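Accompanying notes for the structure given below.
First chain written, first letter: the chains are A, B, C and D, and each begins at residue 1.
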Amino acid sequence: MEDVICTFCGSVCDDGEFDLEKKKIKKFCKLGSSKFAEKQRIKAPMIDGKEVSYEEAIDKAVEILVNAKKPLLYGWASTANEAIRFGVLLAEKLGGVYDQCASVCHAPGTLAVIEEGLPGATLGSIKNRADVVIFWGSNPAEAHPRHGLRYSISAKGLLVKDRKQRKVIVVDVRPTKTAKMADVFIQIKPGFDYAIISALRAIISGSADVVPNEVGGVLKERLVELADIMKKAKYGVIFYGLGVTQSRGRDRNIENAIKLIQLLNRTTRWVIWPMRGHYNVVGAGEVPAWEVGYQYAIDFSRGYARFSPAEFSAVEVLKRRDCDAALIIASDPVAHFPMSAVKHLKQIPVIQIDPYPNMTTLLAKIVIPSAVYGIEAEGTAYRMDCIPLRVKKIIDTNYWTDEKILEEILKRVEKLKG
Amino acid sequence: MAVVIKPKKFFEVCVEAELTPELALRSVDEVKKFKVYYGNKVVELGELFEVAKQGDEKKLILDGDFSRVKWIGARMVDGEIVVKGSVGANCGAFMRGGKITIEGNADDWLGIEMAGGEIIVKGNAGNLVGCAYYGDAVGMTAGKIIIEGNAGNYVGEKMNGGEIVIKGNAGDFIGTEMRAGVIEIHGSCGFVGGDMRGGEIRIKGSFELLPTFKKTEKGWVGDVNVKGEGVIKTF
Amino acid sequence: MIVVELISGRTLDQGATVEEKLSEEYFNAVNYIELSEEDFGQLAVKEGERVKVITEFGEVVVFAKRSDLPKGLAFIPMGPYANAVIDPSTDGTGMPQFKGVKARVEKTEEKVKTVKELLEAI
Amino acid sequence: MLWIKNGIVVDPKNKIKAEKMDLFVKDGKIVDETKVKKQDCTVIDASGKLVVAGGVDMHAHIAGSKINTGRTMRPEEMRVVRNIAGKFRATVGRVLLTAPAIGYEYAKMGYTTSFEAAQPPIGALHTHEELDAIPMIDKGALPVFGNWHLVFKCIEEKNMEKLKALVAWAIERSKGFGVKVVNPGGVEAWMYGGNVKSLDDQVPGFNVTPREIITWLIKANEELGLPHSVHLHCNNLGVPGNYQTTIESIKLANGFSNAKRQVLHVTHVQFNAYAGSSWRDAGSGAAEIAKVVNSMDNVTIDMGQPIFGHATAMTGDAPFQFSLHKLIGARWSNKDTEVETGAGIVPIGYLPNNPVHALQWAIGLELGLLVDSNKVALTTDYPNGGPFTEYPYVMAMLMSKKMREGELSKVNAYVQKATGLTSIDVEKTLYEVIHMTRSLPAKILGLENKGHLGIGADADIAIYNLNPLETDTSKEFEKVYKMFKSAEYTIKGGEIIVKGGELVKEVYGRTFWVDATKKADIQAVMPDIREYFNYYSVQLGNYGVEERWIKKPARIEVV
């Protein structure tokens, strides 16, 4: 089978070849290959560790959800839009909180978009045109292994034909694998992204004299060089990663970077884009945006959507003990949240929907196994640049899809709630 | 006719109660009927709180731990609120007048886009004090916020007037995109004044200066990236 | 004992095992700390020996690994071990500070907890 | 089955000017009286009420990555609560609405069809997902062609067969409805930081000009015989002095004809109707444009009327959006899209006392008043000019000079000298305004069963509490406005969805798309498409939308 679409990372490579007999994927990277490899699965739906039918598990889940004063519905980054849509409708119907993995990943980028917008481009546009590529706090060699080949570092584009015609720059606090592939590596002091971006803006806009000799561990002359490369680029791109979203400054770092891009566009072309992690974390934000108005950290307790990451992001909700039940789908907060947030998950009934057992399974009251999108189920996903792709079903399964499980839950909740 | 409101129990999830001194003008029974949100349930205030009358001022006395109660004093225009304990998020949001005294700590989003009045926090405050709410262009425009303890990050973002005084330390990114008004920090803080256009930030302790401010007689002036005339100085 | 600035982040191995969280492979992909040559030397540990990482927010025992990090910077792959010690405050953004927390690292004889044991300890 | 009794019907397509008559509905269609059993009919007493076809919005940005990025950028827009969750979905939005809010608000106003005016072909699946999420109305989407490298290549090669094949292939792949052209060549120039300034500028990297792009696409469109004509957003949008470019572009329709409809639709002309050389001396070019449009029988336009208040500029015209960002300093989103197109988004607001905004407002009205009612459709270019929910304001303004005088007194006096609005005495009739909002947009789009109430038409009907025989639309503008804001009944596909201005039933409409693949030799262009997919970031096999992925597709085959 050709043109198979990978449902691992935000690159969503769509050129895989799946050998149906050997059940092996070709062309994909280590991450993609692991996605398509056979793994331990949750065998059957469970309540308190006891195997039950899908119907029984769903009935019990519904009972917990409708009786909750504020259920948290979290995850969504590794499932299809069709499932996400039912999830958003369910959160609205329940008067709960919808939050998705971006809130511990790239959501600060969304806060920056609110402040300054998002001057961006699709990955195809970037591979065709970008003669300068900056990875700022991002490390595709480990997180998006084929990104460089398909879209950025060595991609063969229309105007920029190969690696030789492209300058690759890495800005990071450590010499990452990606840094080793770069023409220029600028090592900065952790927590100084904002200051360095401010300095670059000053240099580019003619206020270089104000900038001190060293900013964030980088000598001014190196910043002047970098500013010069940026100004001379015909079409440049900053791909930013968790290095800026998860460290000091978070959204303010990105906001500042967007202001830098705005400035550069006065004389040449520059775009900026987040290196989104999960294959459909973009869908997990886009679907609620059109259904209820916001991308994440959405509270429905008043019967309509309200947005406030300071209150309604999953980590804040859990740390404040502001939910009394949780539905966790397609993610593993127990592994990926700070301990102080996990603590509350241990106190409340947790319903988990996932193909694979993970740390959240260990504390979930109800576990509902599901089919894997892109392998066992078809559905829509948005690549990191918001390009929609229809991921494929390539083998049969008896597992229900997330879409079907959630539709069933929603139907029953609607019946109970009227 | 001050009204005294006391939580009856520990709240399983946060409560949203836009309590303002206007309530003091109502009878105890009416106050008990005031609608508050307990998770996704709309309930009467009296279900969650004890209500009593005391004295005759236009004043609310919130007696107990209100750290799980949000939006207290939101949009209030006059009168007084005294919180004997700590208070939840969004306290004094969009406030235009009157006075809120918090004897404990305040959570995030204290005094969002405050346009008048006074907030005093005896303990610590959270993040985003006096800021602009999501998507809005302007933060606090008038009034005064005094925090006797420490404050968190992003204090006074997009502030366009008024005064914030922090007797302890403040967090990071103070007065970002500030246009007017005064922030005074008696302790130390992190970055200050990113893209500041105007106003003044006074700091007694240490702070981190961004590379986009010019040293002048007045203090540090900037942010040059926005041709700003904001002033950062120590005292 | 040394003092470092600790960050967490993705690695290829962490990614490749992330859908097998209860496996030995995942355990091995996330249960170590990378230290610079100098810091590693100063701790006087051997590759694969155990260290205790202590921050304001918690402590965790992990395996020590030498790397080409700059001195003073340490790295634990994103996952439950990192999350036992990172700064959980979101400062009103919803995002905990997964990168950038002061940590003490010291040699220890304590064992490295399994993923399950970590959860039980919370 | 429905029996709408004793209504006063205005149905311009069928030349019915306020006649008292009954309508019958069966299986979602308007049928002859003999086709229904009257005793089985739900009867609606429409005595003394205006009965018209459901409104048709032929140009709005209601679905896809642009509006959704707009929502994400503007949480302050989403804080206006319109409906609390209950029997119907929760809806929020001030001007930028959520998908359910879009459907509900159209329905409440008596509108039953709306077309998304710009769909990047590679993002078509996203557009369709959002269209599927909009309840109540029928919809469709127009893919964009004016900056696509493959289009340039076919024109460079002067190969009409290839161009036709490309157009038919792309519309089929994107499940689109027609050919949208946005700032032809200008968006490609923006990839280098520039724009095109005249119809004869060469597009960077290609041996083509905007003039050629428009002309060739009109020719391809007409030879394919698509239901809708080329739908053009002109070059130089938002630039003082641009009315001349607009007139030149309109004249490119000369030499083409189509018995059923226009051969060129020029959209949101207000934004392209400025005289002068800068915003300091800008004036109105509306009268000149109207003169040209009125003199031609193969061109239509829509207004792009600004509404005072909040709005969000969002278009495929990426270089314009950057200029706007520089001009007003607001946040700015941009999306350069593969080798196909681009887009930009900037929040704006129209203030009555701002001379430029007042000028724009006046120009929109001038166009609506001066252009023949058979050639100008009513739009706000939602959300660029403002909310579609204020269509009734525009309708009332077109019908009442008195209302205009009142409004004129509230806006910046610059309008008095820069436009001719004050001296326009035209008052459109109710019949004309019904045409401009129903039968005309349906005709422009080529939707034969929409916009009218003849036998066989879709049973999309709006009933307003307004007796046209007893209402003086010139004097009673307040009443007219109020009545059109809130339909007494909205009937969609034969089902009552709104009653007394309130939602009563949620339905999902169809998505129209056009299949013209039999009218061209698709294979003629496939080698070029395959080659160009080296410059895409997706595989050709994963490009496009299958019909089964759409909730209620309605395929229109061109034979």
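We take it that a residue touches a chain if its C-beta (ideal position, glycine included) is under 8 Å from a C-beta of that chain, and two chains touch if they have at least 3 such contacts.
Note that the structure is predicted; figures quoted are calculated from it, not measured.
Relative to the whole-protein C-alpha centroid, the nearest chain centroid is that of A.
Taking each chain's centre as the average of its CA atoms, chain A and chain C sit 22 Å apart. We define each chain's centre as the mean of its Cα atoms; on that basis chain A and chain D are separated by 34 Å. Mean C-alpha positions place chain A and chain B at a centre distance of 33 Å. Averaged Cα coordinates give chain C a centre that lies 56 Å from the centre of chain D. Counting partners per residue, chain A has 95, 111, 114, 248, 300, 302-303, 307, 310 as the residues that reach two or more other chains. Contact of a single residue of chain C with at least two other chains is seen at positions 91-92. Of all residues in chain D, those that touch two or more other chains are 73-75, 77. The list of touching chain pairs reads A-B, A-C, A-D, B-C, B-D. Remark: chain B residues 108-109, 126-128, 152-154, 171-172 touch chain C in the complex.
Chain B meets chain A in the complex at residues 12-14, 16, 37-41, 68, 70, 89-90, 108-109, 127-128, 134-135, 154, 172-173, 176, 190-191, 194-195, 208, 210-214, 222-225.
Here chain D touches chain A in the complex through residues 63, 65, 67-69, 71-75, 77-79, 81, 83-86, 89-93, 98-100, 122-126, 129-130, 133, 149, 190-193, 322, 325-326, 331-339, 345-346, 534-539, 541-542, 546, 549, going by the rule given at the top. Those residues of chain A whose C-beta lies close enough to touch chain C in the complex are 8-9, 30-31, 33-35, 39-40, 103-104, 107-108, 111, 139, 141-143, 145, 173-175, 187, 190-191, 242-243, 245-248, 250-251, 277, 296-297, 309-310, 312-316, 319, 332, 334-343, 346, 355-359, 361-363. By the touch criterion given at the top, residues 2-3, 5, 14-15, 81, 85, 89, 92-93, 95, 110, 113-125, 127-129, 150-151, 156-158, 234-235, 262, 265-269, 271, 285-287, 289-295, 300, 302-307, 380, 382, 385-390 of chain A touch chain D in their complex.
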